[in-house]
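What follows is a pair of complexes built around chain A, which joins chain B in one and chain C in the other.
Presenting the complex of A and B:
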């Protein structure tokens, strides 16, 4: 400890409450930028719709105004609805749906993975067979079939994606649980007489959670894009609901003459996915570098 | 011996997965919220015609019997009658499957081209590398319909129709066609027809390939980077191999195994981007058929397309696994 660089010593001496600041300064420029971009995007999606002067589902002006028209920064669509309003509302919808899908998939997968990895034996074998079966299915196609069977709405698309997304977490968590269960601190707890659920929740699960959280944050961008693709082929809520994928596919009929109707919603999806993919990757790099 | 054991094991699990895939799709058809008979005869039909349609569609049989005939039919390529067009689904699929497969083949080839040629750019140090990673991230985050629309705007609208942006051909199919237009053109010895078909293929294949190509480039770049740091790469350098030879003969080959398994996964994702891209380019394949069927609630047609695309995906994965096992002993021993 004595010969470690000055900064390390300082950081060790610093009280725990200062740690977040230290973590922030450990980030590179691009990584900071990506986190700021995520924060900005989430903020826009959260409060944006409330700030807009128009309604997202009621025509508010002339039809097919191009972007930069007075009163309509991003123009209007075929029915004269304000594009900027609809885009912000659509981003809110997409973001909310993607967060819910990721959260539920991660929760289901973690539960199954923990049970399988911790209990072992025939429960493990049965659960993992089941998981592997779902992993072998073509995810997108199954999601389409499920969403199509339930009916055209955002909710059914979300259910379809959850059904194909949880197995990834189950596999991951099961492996992590088995790894963690062999670590010294868990062995020590076992020796000290801790067993069952207490051992699981106090000593195993906390060590597994960081992996799950990182994977989930990396996944949000992919879920946004998958939802958009389902919505694009008609498995989302039909118009006038401000759903980005649906707006893009509906706008395609006119897009050679009015490109903005179809291209702007697609760009909004790309922006959401990009911001989350980039920040997720930055998070991964930082964690690898700091060795957490 | 081990390879044969591995292959038979994989074939066994392939059959299991195909069975459960069929079961899942069938079950979804049973729980679907729209009534197939009503979709078939229309809302104003009399009670007698509803009953007759129920019999005609085989829906009066017990569920296990229905599943049995569904499986037997699917194995023989008979997927029943479309609820909207009232014609056998198999007829429609016969013309559309080659269209999708042709597009998928070209898109996969373009994926490999994009992936291999961009892999070395990805791991460049310094400003250029950072900029390239930014560009790659943008490309990987762009939905395939955005890329499709932008390429239509650029190559069709702004460049004055440099490339066609809709359909498969300016001429229509030959009478004794295989359904693969490029192949048809070559079989009939018509360079004009072949070239026209290729031109129609370029934009959709590109739009479907960008996302998976960039993903492939990332995996290849990671693999190459770690291979170049490995002891055997150092040994090769110590023996006097040139850096280019080390890269090509040692690093690239070792990085190609994870890239190959990624390619199989990407083929699955590509199916979804094909469904989307086909819609943008009015490509008469399975994808546009699927979205049409979704629009009118024709679940037997949806089930048939999902089953075919799913089977293609599962079989492709098995083939890749077997190929990997043949090349890499570690796979078949694990």
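Presenting the complex of A and C:
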């Protein structure tokens, strides 16, 4: 058997496939647009408040100025606070809160889902029944109950949402882990001697993460909406701090003679939700295309 | 002659456009098939044969990603440019097809009768159509759904369906590739007889020269989108003129292939480089290689002296003898039943019935059987992936660390986001040989193994998705032998590969077996490949080993009916 197929093979086999030239150029127009939109929104929310000439909680001019008034592009509210300043500050607060809530929910859910899916057996059963407990009640009602029990603040609203949000990730991740763990490459790694957490971390989890990331990015919009809903019914940030849901709720009273006080914050909530949803979709398409 | 020509393909070029690149899958191909004749389109993956098969059915994507120029004419009708209006008159009437996977082509929601009656018009005619493809009790089959039939039956139904509209041209794209070998032979003869009866022209796409010779009047050999040779079947197979065809022919493995030499046509330079490698192996320069050294030492002692290896293994002669006389793998009365719940009832599938056998030191044993014979389950039990219901499996060896597996789908068995170096290092880390080695030592070990399997340093940093199918299989093999196991378990390692690549993988397994001192358990459905690798062949069917036969003169020595059927199924 003194024969190496080495050289013959080099001729017969095709070279390693070329890698994509760059992630950005691989994107379609819509995907690029959504990423730009997310970047712009985040930028406005991050640096906007610092650039605004007024304070978000101190009256800055005449009361109830309509949009496009001199000095107040989006008008002022019933106390004479600048609407544009309050909106930007509100977006910052909403976005920050939504990111934190999504991250914590995804982290807790992923941890529980990974352990349940990978260990299986009674641990799986116990963890999943525990998860089902949270899924059994209407999410909004539990969130309201928890937020109300802790007290009226942004923090308690966030805790309320985390409590109802993580079970979704636990379910999702458990299913993904079970699917990936049955793939041939995991079996092959097991045969090669890799076991336990190392097997999980190196050969299973990397295949699950894209799903979590995409789901989380799609969820940010939904969390923004939920947070706004909680503050709309009075369970979020107390006045006068700028919070989009709260602003919309307060503005309702003046809707007939000063529509902008309620409508502008609502539009801002819609914008945040839409932009993140759109970007999450784009992310999903890109990740699927790269075959992870 | 001219008026009976059914299909004319002239200067056909098909290009695919994707992400800024244009690839020509088919370049300036000219073919023609007369009524009643069968043209075999033979080539390896990526040769463009299936693209031609799709083009003559007008099923090239119409979204602009594919573009066809040149001419396709069927019974005098010009069909390029490919438009749905033109093809809707032709497809399914003048041109019909049989694909590789009948389960995907048959509508799962319809009975066979309902599908067939659309063409034949009546149940009686449908029964006749099924009887023409040698289906017995055709009346019962008409009432069944596709999932209730076996693979061979489904493919017969596909043939009946394809011939029912009395087409001018039948396109058969690898129609028997997914079937068991003995079923393949039956389906091929059914197909052959039915198309002779129907008198249509046939375009037969296949990667298998043996099948092509069996089926076709003429053969066109394709490589990289170009037809490199055309001629009558006898001429192309018997006296291939083209270099590539000759290579393909040389890569074919039959029951008469010389077992003492590597298959294929090795060039002198390749043989020399192999010699270098073996010399390298004989001179392990550090403790890392002690496992290999032990294997070499044993090999040298009991097969005749060659270059001295030294006492790197640190084993006494007594232990050496013990290891040589003890089997590397002992399978002792292994029994396995899978149970499933079907409509609330427990249904048992007894896949292994008290199976016992041994694989001796440095011995290669092939387990040959068709799907459902239990051979793969046995391998998975030997690998420790599954546990037997009763009985035991014991593997031991001085040179090795238990068992390692080469899987059928090498690409899927490599974790896509880890580099080749990481995959190999991981294997080394989890063995007793590899404990405490530095990264550099492990890297050196990985590199040496990669060279042994015919790869080089450049793949160390690559991820499996960046490698070709043959390279992936080599990396999978390298991972399995980087620390030599006592038994290398091979699960159909070549059935997903092109013949020339498969051939070199078989050579490689043979080489590793001899140079690393490992025993081999080779699970396959292919008797010819089994004979090439193994010293002994175990024939399995229905969860039992029905025959054990020496590999060398397999064709003569095999005695059981089932074994003979497998021999007959290997197309000469």
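Just so it is clear, the second predicted complex is superposed on the first by the 260 of 292 C-alpha atoms of A that agree within 3 Å, B and C clash if a C-alpha of one lies under 4 Å from a C-alpha of the other, contacts with A are read in each partner's own complex, and residues count from 1 in each chain.
Keep in mind that, in the parts below, contacts are C-beta pairs under 8 Å (C-beta built on N, C-alpha and C of every residue); 3 or more make two chains touch, one makes a residue touch a chain.
Nothing here was measured: the structure is a model prediction, and the numbers come from that model.
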* Asked: Who does A:274 touch here: chain B (first), chain C (second), both, or neither?
  -> first
* Asked: Touching A:225 in the superposition: chain B (first), chain C (second), both, neither?
  -> first
* To do: For A:266, select first, second, both or neither according to whether it touches chain B, chain C, the two together, or no partner.
  => first
* In the superposed arrangement, which partner chain does A:188 touch: chain B (first), chain C (second), both, or neither? -> second
* Figure out whether A:203 sits in contact with chain B (first) or chain C (second), or with both, or with neither. => second
* Complex interface listing, chain C residues touching chain A -> 19, 46, 261-262, 264, 266-267, 269-271, 273-275, 277-278, 383-385, 403-405, 407, 409, 412-418, 423, 426-427, 429-431, 454, 459, 462, 465-468, 470-471, 476, 479-480, 500-501, 503-504, 507-508, 510-511, 514
* chain B to chain A touching residues, read off their complex -> 13, 16-17, 20-21, 24-25, 28-29, 31-34, 130, 137-138, 140-146, 149-150, 152-153, 156-157, 268-269, 271-273, 275-276, 279-280, 287, 290-291, 294-295, 299, 302-303, 306, 309-310, 313-314, 317
* To do: Quick one: which bits of chain A touch chain C in the complex? Just the residue numbers, please.
  => 1-9, 12-17, 19-20, 26, 183-194, 202-203, 206-207, 291-292
* Structure fact -> So, in the complex, the side of chain A touching chain B is made of residues 30, 133, 136-142, 144-146, 148-152, 221, 225-226, 228-229, 232-235, 245, 248-249, 252, 255-256, 259, 262-263, 266-267, 269-270, 273-274, 277-278, 281
